[in-house]
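One structure is given here, and the rest of the page talks about it.
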Amino acid sequence: MTDYLWLLVALPLAGAVVNLFIGRRLGEKVAGWFGFGIVAAAFLIAFFAGVGFLGGDKLAETVLFFSWIPSVGADVAFLWDPLSVLLTLIVTGVGALIHLYSIGYMHGDARFPRFFAFLNLFIASMLILVLASNYALMFVGWELVGLSSYLLISFWFEKPSAAAAGKKAFIVNRIGDWGFLVALMIIFATFGTFDFQTIFAETPVLFGVGAGTITAITLLLFVGAAGKSAQIPLYIWLPDAMEGPTPVSALIHAATMVTAGVFMIARSAVLFDYAPTTAAIVAVVGAATALLAAVIAVAQTDIKKVLAYSTISQLGYMVLAVGVGAYSAGLFHLTTHAFFKALLFLGAGSVIHALAGEQDMRRMGGLRKVMPVTFITMGIAWLSIAGIIPFSGFWSKDEILAATFAKGGWWIGLWAIGIVVALITAFYMTRLFVMTFLGDSRAPEGVHPHESPATMTTPLIILAVFSAGIGGLNTPWQLVFEHYLEPAFAGVMHPAEAEFSTLFWLGAVALLVAVTGIVIAWRRYGRAELPAEDGSFWTNALGAFGVDDFYGRWIVAPGRRVAEWWASVFDPKVIDGGVHGIARLVTGSGDELRILQSGQVRWYASGVAIASVVLLVLFLILGGAF
Amino acid sequence: MTVTVTWYLLLGAALFSMGVAGVMIRRNALIMFMSIELMLNSVNLTFVAISKDLGLIEGQVAALFVMVIAAAEVTIGLAIIVAIFRKKASANVDELAELKG
Amino acid sequence: MQNVAFLPIAFEVVLLLGALIVLLVAVVAGKGRHIWGPIAGVTLAIASAIGFVQWREVADGGAGLFFSTMDVQIMRSPMVVLDGYSAFAALVLGLVGFFGLLAAWDLVVKVGRRGPEFVALVLLSVAGLHMMAATPNLVVIFLGLETASISFYVLAGFIRDDEASEESSLKYFLLGSLASALFVYGVALSFGATGGLSLYGANSIRDFFSSAIVAEPGILMAGLALMLVGLAFKVSAAPFHQWAPDVYQGAPSGAVGLMAAGVKVAGFAALGRIFVGGFVSQIDAWAPILAIIAALSMIVGTVMALVQTDLKRMLAYSGVAHAGYIMAALVAGVDGIPAMWFYVSTYAFMVIGAFAVVSVVSGPASSRAPLDDYRGLIKRAPEVGWLMTIIILGMSGIPFFAGFVGKLFSFISAASAQGLWPNGSNGYLWLVVVGTLTTVVGLAFYLRIISTMFSSGDHDDEPIEAGLPARFAIVISATVTVFFGIVPWLLLDVVRDALPL
Amino acid sequence: MGETITFIIFAAVAIAGAATMLMARNPVYSAVGLLSTMFAIAILYILLDAHLVAVVQVIIYAGAVMTLFLFVIMLIGVDRPGAYGERPLSQRIMTGVVAVGFFAALALAGRQAWVTGSSAFGAPDLNGTIETVADELFGTWTIVFLATVILLTIAALGTIALAYFDQDAEEEGAS
Amino acid sequence: MPVLTILILLPLVGALVVALLPTRRPELFHPVAIVASIPPLVVAGYLLWNFATGTPAFQFGEDVTFSGALDIGWRVAIDGISLFLIVLTALLFPLAIAASRSVTERVKTYMVLMLILEAGVLGVFISIDLLLFFAFFEIVLVPMYLLIRLWGSDNRAYASLKFVLFTAFGSAFLLASIIALAVITGDQVGLFTSFDFRNMLGTELSTTTQTWLFLGFGIAFAIKVPIFPFHTWLADAHTEAPTAGSVILAGVLLKMGTYGLLRFNLTLFPQASVDLSFWVALLGVIGIVYGAAVAIVQPDIKRLIAYSSVSHMGFIVLGLFAFTSQALQGSVFQMISHGLTTGALFLLIGMIYDRTHTRRIDDYGGLAAVMPVYAGIFLFSAFASAGLPGLSGFIGEFTILVGSYLTLPVLTIIAGSGVILAAIYLLWAYERVFTGPVTNPKLEGLADLGFREIAIMVPLVVLIVVLGVYPKPVMDRIEPSTNAILDRIEATTGFDVPEYGRSEDLPNLRYGDIERVESNEESGDHGGEG
């Protein structure tokens, strides 16, 4: 089956090309369904090629296509192992659903085919990222997803804000990529190759735990991860990215791309194992991000912004997990999150669609009657993310917290943060849910909400099913998921295991916290008129604590000033100034000499005479007459 | 003390230098020209003195040739000066300085 | 035997006869009709042919010293030398005269009844120029120098109703005579020091150096210094250059090309003959000074040309710079002679062409050629404009044009010369660097000329008609520039044999 | 001894004449000064046994050249006040310095020669009589002698070209 | 068959043909010129096809010595480094000429100059005689000067002169150094001088001499590249030059500098190169950051791209002086890639300039809505230039960075930041020009790219993708040559080159050896080609 793996990338790429060039002629229908079909096909291929791993009897294999940059030993090759299979399935699966959804959502858009072209391009890039068998190729995917996210965020480029958001996303990602790039340099300088398996095999041979080189590599890798997965301090691009069409937010900025960082850390698990310092930093950053984002999310009024910050916060969880060393837990949360967050976004999209583009929750409400499907599916997602048993979110989040707690020592502090975040999450998600669906409609006049078409609701339903049920894959009773992933983490030391009783009351605490959050929020927003949300906390949180302005004032502006000075002073005044100075010197001396050229014969004669005397003297000196 | 060639050479040198000075200091084209003639004379003196010293007749022949050349120079020179005088009614070279720079 | 004895002086004889015939014909047939023009042309052609014959003769081993008579008793010192050096000089000077006359033809027509004098003067001056290269005797070199100079004084002042012309004539005359006097005084002193007037032959300067060690270098050095002054003046090398711009500007444009080219060729021929041919044993004394003069000329010439607004002055100053480049070749002694010949011969053609263009555009008798007159030349006279572009590129030392090759060879000579100063090890590399740098600065004004010709001016719609002779001269000049730029070794293989005896 | 005295006298005369030429405000005086210098030099030639040269010197220079000069001076006119005004002091000083420097350089150049120079005029006693010179001139130097033809032709032509005015030449020149 | 001679001759013949066209048929000039620029491309293809992989030896060599004593000759040959630069040149010129539709006055002159320029540039890349190299290196100035001076925009007089004087100033030292080296070499091989590259490789030089000569060569190439403090001519020249001029300048002429550094400085003066490598690389890195930073704030789109060239060339310089196999290959590859991407960008700018006659970024906005195809290609080129993986720009920069880190870690890490800056200036420029609402009424109703213009862009786009996805064939041909240079450096100096990725040792040839020399002894008949 792996012989056909190249199709995984080739198909979406082909879809992108076709839609880009002849999509207009194909027409909306064909283009849309074509785009969807392609991804669905990819999903099936991946499924059949990867199904063997479920039994655990299939071994990871590397599929080499061709040698890419020989001098650095970078090949175009896929590593086909449980980890890549999992991600491939998520990407293609969720991707396919979102393609389907987009057919309805983007209906009537002027550049409909181009949208699907970009979506396909993204799928291809993402698959390159997850399937790569070496860091170089991974970096390719890494950047290409950045490209497609740029294209999709600024899809409605007529909106300056959209264009700016896309640019911001790409540039901030590039900052992270720089870290990744430097990490690659060190990796090559250390191992002389980029191939995962070689590197992971040699690490234990060459280094002991805590080796400086590895720490450096992992830290830089994490800079990259922080960029992609929107961690402190590079998370600022994600909220703006909501300028893109909602399906994009769902697919790229919730389900798949943003989790690339987590995936990459998981991929490099061996390295991170040998760099406990980095791991700790990763965990701390993750926790901090989760907390900060959650707090900010509380005050947001734009439905998509809330989801954006909640995404950041959830990513924080995942990063915390991988930092702790609970890779499978992190990936599990990644999986569940992919479903319920995609669902949330699509639901939100459906709502926005219904309200003709209205995104402010304060003008929503009472939608449960008019759009039941959306209401129910989103309800499931809400409970899931809030961490209510038995929905998937509960299991994955709980596992992370448990792993953190189990590490003991100061890690307990991180666990506490996690719990707090859980509380806040429950709170703001409830806030969102209540404000949107319950109460009476606050919709502006003339807007008549309606349920979305089948192309949009179908994905909602499917995702809802998964969000509800998938948690069962990895309960403390049977860790199907973890066992499935085991071969991918061969040679990685297992995270500390807490015994069952601990797990139990940990889970209980988490559940309790979640419920508390829900109750508080419900009591606060469950009434007819909304509570006034002014006061320094609300405004600051709404403004994301002015982090953007901070960057603007202390990083961007000074940089601009330096560049301006170089461009307007150093180049023309200093360098060219010097050059012109020389030129003036030459011509100036010419003008001086002109004065000697007075036209006076006697003067010339004197010149000749004087020169002759000088020559006489010179000759006498050189001739040894003196 | 007997007169050695040295004396003649020194005299020649002196006259030549005075010629140089004349060219440098006089403003009248004619007198500048005279100074040049003076220089040529001192050259001849030098030639002859040396030919006497070394017993080589060539020196004197050379002197003769220099005279011939000087003569030719004079005719042309005076012709030029006269021609210019026709226009400017002056042999003052300082007034001939429109070509410069 | 007889013809061999005649051949060495044939060049001068033919030119003298030619001049006399011209005058005769002018008297007989009347000055109005220009039939004497072709006569002069033929004469010069024959002269160059003689140069060629001499070259072959030398190639067949006919080189040698020649005396006034075959009478053995009085064969004291040789008066004529026939060697590759003189033969090549004859060839070049003949051609220079020929094309110089072509370039000057418009002027000849303009001066009307005084045309015959002009032509005759040209012929005789060429003879004088060649004397400087074809004799071993210092006095005769002086004679030739004066012969040429005097006729050039006249040519410079040929336009009598133009005060500028008169002025340049007088300046040229006074300063030139001064330089001549200095030169001949140098001759006298070196005669005193070495007891020889002849460079080669019996009891010559060469013998003196080969036999005796110089007991009293002082007088010798003074002699060398003064001779150098005289010749440096003639080739307008700094700091003896100041006459050149004024004279070239004042003199009628038609004649300047000939004057500039001829005097450079002969001047350097004499310089090479005396210093390399005769006083080569003193090279340690004169080479460094030659280098200094060369460097000065390059710098002064370039910098001054940069600030000129008049094309004639610009070219004059560039001539100063070129004098420097050529002189750089001579610091290498005899190794530099081929480079000198290559440079000076190609430069002669370039300068003739350039001034031919000047006389076409600004008028043959003009004494001024403001650069603005050349705006839009490429439109007004495309052919002339493009040829001028080629010539200018040649002068500026752009590769694949003769000027570059000339510079290259002379730089190579300078670099390979064993200089004693500033330090012995690396030749005159400092001179080479000065040369290359001034070449770059020079680009600034050469390109200014070109871009002026290309940029559009006020009179673009008025085409300029170039007379046939002038155009021919320009074409030849450009052709030489390109041809020897692309296949330099054709000329290089020749000049390699054009060494002094 | 007498020779020495003669030399000194006429050397002095020559210098004085040159000085006159240099200083005199009136070009006529300058001409006369130069004339006397030339006579003095002629005498010195005789002291040097260069009789022919001496004669030629008198004939050509004193006879022809200086006459020409005087003629031209007269033609141009002597008295044009201001035309020969004094040079500013600075220039005179500069000139003096240069001239003296020139002389000094030459004197130094010849230093050894001046001192070690042969006590009296050296070996073969040379007599610049007509025949000796003629021998040389028409023997060794014949060609050169002939070559002067070119020079003289040029001189003639040049004078014509420059000074010979006729009506239509004027017109053409003016055209 | 003297292929390379033919390669040089073809454009000249073409120029002649164009020059001889009747003046009263102006409509012919442009098409004929385009046609005339195709044959060199064909020959280049022939070279590419018949180039023997896996050997560092020079190929297609010709050796005709003109003057024995001076040892000057028509010595041409190519190795893996020059091969692709030739192909690049032969490719860019037809495109540049085809893009010159907007030239309306003195068309004939323009086309003739372009073709002469092509011959000159090709000559630079094939010469292995130092004098020949210098001649070509210098002659290129003339047509370029005239192109800028006559067909440039407002400030052309200043820009063109600045261009010439800057470059020629460098060449002054280059010529002096070449002569000095030739004299020294001549002494050692018993000739008067020798300009033969192969002889020069064998010359024994003291370290001081090496250093001086290195600087002499170096400054010429540094100005051409341009390396940091010498870069100011570039902005003006690029900005004022006509479209084709900018394309050729950025695409090919700058490469003459890096090519010279690689071909001559590294091989002739290995010791000096090693001693000075850090400082040169430092200047390169300064150039990367400085150029990028200045590009960010340029109000003029052409200036912006010009400064981006400074930045990109900085990468090449860094790679050259890191002395690792990867970095060297990367540098050579980056030369080609930069030629393609920047060429594409300048072509595109030219196309829009023909429509709007403004280069000010502020005059634009929302163009993507008006000219979608144009916007797409522009964005593509921009990302290619920003080194997006999968496109050619990435391969070069990536290999350079990875390779340079082995020997110059700190500098390389700083250089990496250039990646960020590139994204900033390109995307910001794109944002301001193409996105947002259409503000400037002049932009409404602009025609999108026509068939001709798209046809011009397609080859570049395709090549950028192909080289980005499958660079191996190119790398395989570059590697032997670059490794041979490294081996030489290793052998002549104590420097030890990191072995990573160095392929198995190559056929044992002294660097500079020529395989398949087609030498014919009768002198002169080849001279005409110069």
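Note that the chains take the letters A, B, C, D and E in the order they are written out, and that residue 1 is the start of every chain.
The rule we apply is simple: a contact is a pair of C-beta atoms (placed from the backbone, for glycine too) under 8 Å apart; a residue touches a chain by one contact, two chains touch by 3 or more.
Everything quoted here is computed from the prediction, not taken from an experiment.
Student: For this structure, which two chains have more C-beta pairs in contact than any other pair?
Tutor: Going pair by pair, the biggest contact count turns up for B-D.
Student: Cα centroid separation between chain B and chain D, in whole Å?
Tutor: Comparing mean C-alpha positions, chain D is 5 Å from chain B.
Student: Measuring centre to centre with CA averages, how many angstrom lie between chain C and chain E?
Tutor: Distance between chain centres: 43 Å.
Student: Taking each chain's centre as the mean position of its Cα atoms, how many Å separate chain A from chain E?
Tutor: Chain centres of chain A and chain E, defined by C-alpha means, are spaced 37 Å apart.
Student: Could you state the distance in Å from the CA-based centre of chain B to that of chain C?
Tutor: Each chain reduced to its C-alpha mean, chain B and chain C end up 25 Å apart.
Student: Check each residue of chain B and list the ones that touch at least two other chains.
Tutor: In chain B, 9, 16, 19-20, 23-27, 29, 32-33, 53-54, 56, 58, 61, 65, 69, 72, 76, 80-81, 83, 93, 96-101 touch at least two other chains.
Student: Using the touch rule from the top of the page, what residues of chain C touch 2 or more other chains?
Tutor: Those would be 76-77, 139, 143, 146, 150, 153-154, 157, 160, 169-171, 174, 178, 182, 189, 192, 216, 218, 221-222, 245-246.
Student: Residue numbers in chain A touching 2 or more other chains?
Tutor: Those would be 594, 597, 599, 601, 605-606, 609, 612, 616, 620, 625.
Student: Of all possible chain pairs, which ones touch?
Tutor: A-B, A-C, A-D, A-E, B-C, B-D, C-D, C-E
Student: Could you please specify the touching residues of chain B with respect to chain C in the complex?
Tutor: Listed in rising order, the residues are 9, 12, 16, 19, 23, 29, 32-33, 36, 39-40, 42-43, 46-47, 50, 53-54, 56, 58-59, 61-62, 65-66, 69, 72-73, 76-77, 80-81, 83-84, 87-88, 93, 96-101.
Student: Can you list the chain C residues touching chain E in their complex?
Tutor: Residue positions touching the partner: 335, 393, 398-400, 404, 408-409, 411-412, 415-416, 426-427, 429, 432-433, 436-437, 439-440, 443-444, 447, 450-451, 454, 486-490, 492-493, 496.
Student: Where on chain A is chain C touching in the complex?
Tutor: Result: residues 586-587, 589-591, 593-594, 596-597, 599, 601, 603-605, 607-608, 611-612, 615-616, 618-620, 622-625 of chain A touch chain C.
Student: Per the contact definition, I'd like the list of chain C residues that touch chain D in the complex.
Tutor: 9, 12, 16, 19-20, 23, 67-69, 71, 74-77, 79-80, 110-114, 117-118, 120-121, 124-125, 127-128, 131, 137, 139-140, 143-144, 146-147, 150-151, 153-154, 157-161, 169, 189, 192-193, 215-216, 218-219, 221-222
Student: Of all residues in chain E, which touch chain C in the complex?
Tutor: Touching chain C: residues 66-67, 69-70, 72, 131, 134-136, 138-139, 141-142, 145-146, 149-150, 157, 160-161, 164-165, 168-169, 171-173, 175-176, 179-180, 182-183, 186, 192-193, 523-524, 527-528, 530 of chain E.
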